[in-house]
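What follows is a pair of complexes built around chain A, which joins chain B in one and chain C in the other.
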Partner chain A sequence: MRKIFPADLLARDERFVRLTTEQRFMDPRSPGSRSNPRGAMKLTPDRPDAPDAARALMHGIFVGEVQALEGAGRTCWDFETGDGGDETPFALKLDMARQCWDEARHCEISVKLSDWMGTELGEFSESTFLYEAACNPDPVLRLTGVNRALEGLAIDVFNTMKEFGDIAGDPVLEFCEDWMLADEVTHVKMGSDWLRRLTEKDPERRERALEFQRIVDKLFSLGGFRGEDDDSPIRLARRFRELAGFDKEEMDDLAEISREAKADADRMREQLVAEANA
Partner chain B sequence: MTVSVTPENFTLVSYDAGEIASIIEELVGAIGLPSDLDVSIEVDESTPLGRASVTSISPLVISVESGALEDPKRPRNLSRTGSADVLGRLMFRVRDRLDPAFGDPPADNELTLPQSVAWDAYCVGRLVRLGYIHYDNRQRRLYHFRNRHGFTDSADEAFERLWTADGLSWSDIASLSDNAVGTAA
Partner chain C sequence: MADPKKARAPFAPWDRRELPGAFTVEESARRVGNYKWIEMKLFEVLGGWVATVPELDVKMRLGTHCYHHAWHSELWHKRLPELREMNPDRLTLPANDELVAFVDAMTEPEAPDLTIEKLVGVYRVLIPHKIAAYTFHLNNTSTITDAPTIRSLKFALQDEFEDWRDGEMLIQSLIDTDAEVDRAAAHQAKLEKLMLAAGGIAGPGSIGSAYTEQEAHA
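Presenting the complex of A and B:
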């Protein structure tokens, strides 16, 4: 079986349609921009379109769980066992195997939640940039890109969805999100712990890994999708991130990265609109 | 019957005004709206959001944001079944409003969210029975209904009545909605 498996070869059936990162970002219409007259897009049950917004987000969570399973599985296989720079310790592989078990369970939960909310699998497009972050040839960069950046985002998303279920009075959504949230905190903690252990004597490698994490964090802030501003659909879950090994400075940086991502997206959209209207 | 679509040419999305007009023409006949109806549809292509509303009944004017007609799998491309789902729901409301036996519902912007969702369930249930199916409409509408009326057996019973009914009046819909909200409270 081959090592380092490219994203475009991931197995999907005919229900799924894949969207590239470029396609997603080159849409001149995206919401949440300065030109959006409705302004706030925070995900709360008060929004008339809240159930549909929650359905779409849940589908995004589902495909994210599939890719997280694929990514953790690759990390078990792609590297030889050992303590060298291009190897992974056996204990890390055990952690990744445990994570596979969690992600597989999350896939099952997400499928049932999608049924509950009236969403068919493949109803929305799939982006594979979660898996792409899991293809980095350095296992430490995978840990920061996936376990700390993306599983960290999962903490924010699950916490937001749990609160949504609580306020809406949806016990199924609330419980499912709460249980998955508990697992995500563990996954992020694994990333924090292994980052510290594997780079203890290699500060340059640690800095490279943290820089990769910042890049992934910015990409996944999706034009202000996740942040601490009032109109951020997904809120930064500081308390749960703290439990997972994030310090205050890191979380402040993340909030700033999200604001930068939003400003960048606004500028890009204005440029695209000007080009379309030229 | 005349159908006009604005804009005639789209620049930010790959929609075809002729295709949108053909969906409207088909729905007018299927839903049973007057054959001499003049319909105008205004599409705001500057936003991918999905709001859709009837802004006038005579002549019939429907305003939609481009996301309301969009294929969620293929951004900036039209979904024929999704468009029929959104436009058909609004056009069933218009048919109800034009029917004297239906009663006198409040203006759309004066409906409570639960009332609006209950009426939508009644409209989409009839639309699905006409063959306009867009993914799992029933479970989606049930989820909307539960979010506004509570996750209870009595809310589900009210939804089932709305979803399967034909010939309801506004007071029937309002009563089913109000009772479900009251039970949940």
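Presenting the complex of A and C:
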């Protein structure tokens, strides 16, 4: 089996429909889509399309968990064990194996929750941009992209879904999201701890890793999908991120990245509307 | 209650543990180093295969089992310094080159239509050999002096039995035709021959010898 497995070869059964990231963002039905004239909307039970929006988000969580499982698994395999620059320490691989188990459980939970919410697997599309962050050939950059950016997004998503479950009166959803949230805080903390340990004597590598994280974070802000505004569909979960090793400055930066992503998306949207009206 | 000052035997009547064991500290450490190596190779490939299998139930089970074997490797890693091997990496070795050849062949399948081969290698060949070697160690080492190894062996064996059953049932559920039976059997035979050449996960003597000394030398 090869090292570094490309995203377009991720194995799926016939139910899954894959879109490119570009197709996904241009699809007007996607939340936060650049061509969605409504723009991003906060997920609340009083929205007329709340059930469908929640089901779509749940399906997105499910495919995200599958890719997170695949990414953690590849980190166990892709690198030789050791302390060299292109190697991965034994203890880090053990953490990634633990993460595999956690993500496998999250897949199981997501399948059960999707069924609970009336969704069939494959009903919504999948794009592989989450897994793509897990393909970086530098183990430190990969760790930062996955465990701090991707898993950090998961903290925000699960916290939002947990609150939605509470407001919507769905104790099953709230219960499950709270358990998954606990795991994600652990994963982000793993990322924060390993980033510090692996780059202790290499500040340049640390800066490269944090820059990669900023790029991934901007991508994961999904045109304003995740942010701190009242209408942000996914809210930045500062309290849980702090537990996972994020400091205030980093979270302020992340909020700024999200605002920039939203401003970019708003400009694109206005341009599209103007073109349509011309 | 009886008089608390009355003398009691140090070993209760039902405690039949004995001092003698088949392994020296060095031999136990050598085996534990081999166990750690094979557990590492196993959890790494299970993690790598997750992305390559299209069957969702298999994908999720591989993710779960990946952690089981990582945890076993951690148990063995922690046991090595307790067996006077202060540099655990020094004994984290394959038993021999033949076992490396076995692992290379077992980890080779990648294509999405080779799930049967992937599972057969792990659940019909490697894990049964691990169960055999761990059981031999469990039943032959000193139940008093090597009790920490025994405790880890029991934890590992419990996972191995459950994972073997999971994997075997997945294989049975995937095999639909006579041709697939033949595929599974052919791959098993190929890998079993490589394992035979290796002599087991800890090399020759992994499960001792069932022959009398006279016959073994004949």
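Assume the second predicted complex is superposed on the first by the 252 of 278 C-alpha atoms of A that agree within 3 Å, B and C clash if a C-alpha of one lies under 4 Å from a C-alpha of the other, contacts with A are read in each partner's own complex, and residues count from 1 in each chain.
One rule holds for everything that comes next: a residue touches a chain if its C-beta (ideal position, glycine included) is under 8 Å from a C-beta of that chain, and two chains touch if they have at least 3 such contacts.
As the structure is a computational prediction, the values presented were derived from the model and not from experiment.
Quick one: classify A:17 as touching chain B (first), chain C (second), both or neither.
So A:17 only meets chain B here.
By the touch definition at the top of the document, which applies to A:4: first (chain B), second (chain C), both, or neither?
neither
Which partner does A:263 reach: the first (chain B), the second (chain C), both, or neither?
After superposing on A, A:263 lies clear of both chain B and chain C.
Counting only touches as set out at the top, which of chain B and chain C does A:101 meet: first, second, both, neither?
second
Looking at A:52, would you say it contacts chain B, chain C, both, or neither? Reply first, second, both or neither.
So A:52 only meets chain B here.
With both complexes overlaid on chain A, does A:93 touch chain B (first), chain C (second), both or neither?
Second partner only, chain C.
Note which residues of chain A are touching chain C in the complex, please.
My answer: residues 1-2, 5, 9-13, 66, 69-70, 72-78, 81, 90, 93-94, 96-98, 100-101, 103-105, 107-108, 111, 121, 131.
Residue numbers of chain A touching chain B in their complex, please.
17, 19, 23-24, 27-31, 35-36, 38, 45, 48-52, 55-56, 115-120, 122-125, 168-172, 273, 276-277
Hey, which residues of chain C end up touching chain A in the complex?
Touch residues, chain C against chain A: 40, 43-56, 59-64, 66-67, 69-71, 73-74, 77, 107-110, 112.
Please output the residues of chain B touching chain A within their complex, sorted ascending.
Interface residues on the chain B side: 11-13, 45-51, 66, 72-76, 113, 116, 135-144, 146-147, 150-151, 184.
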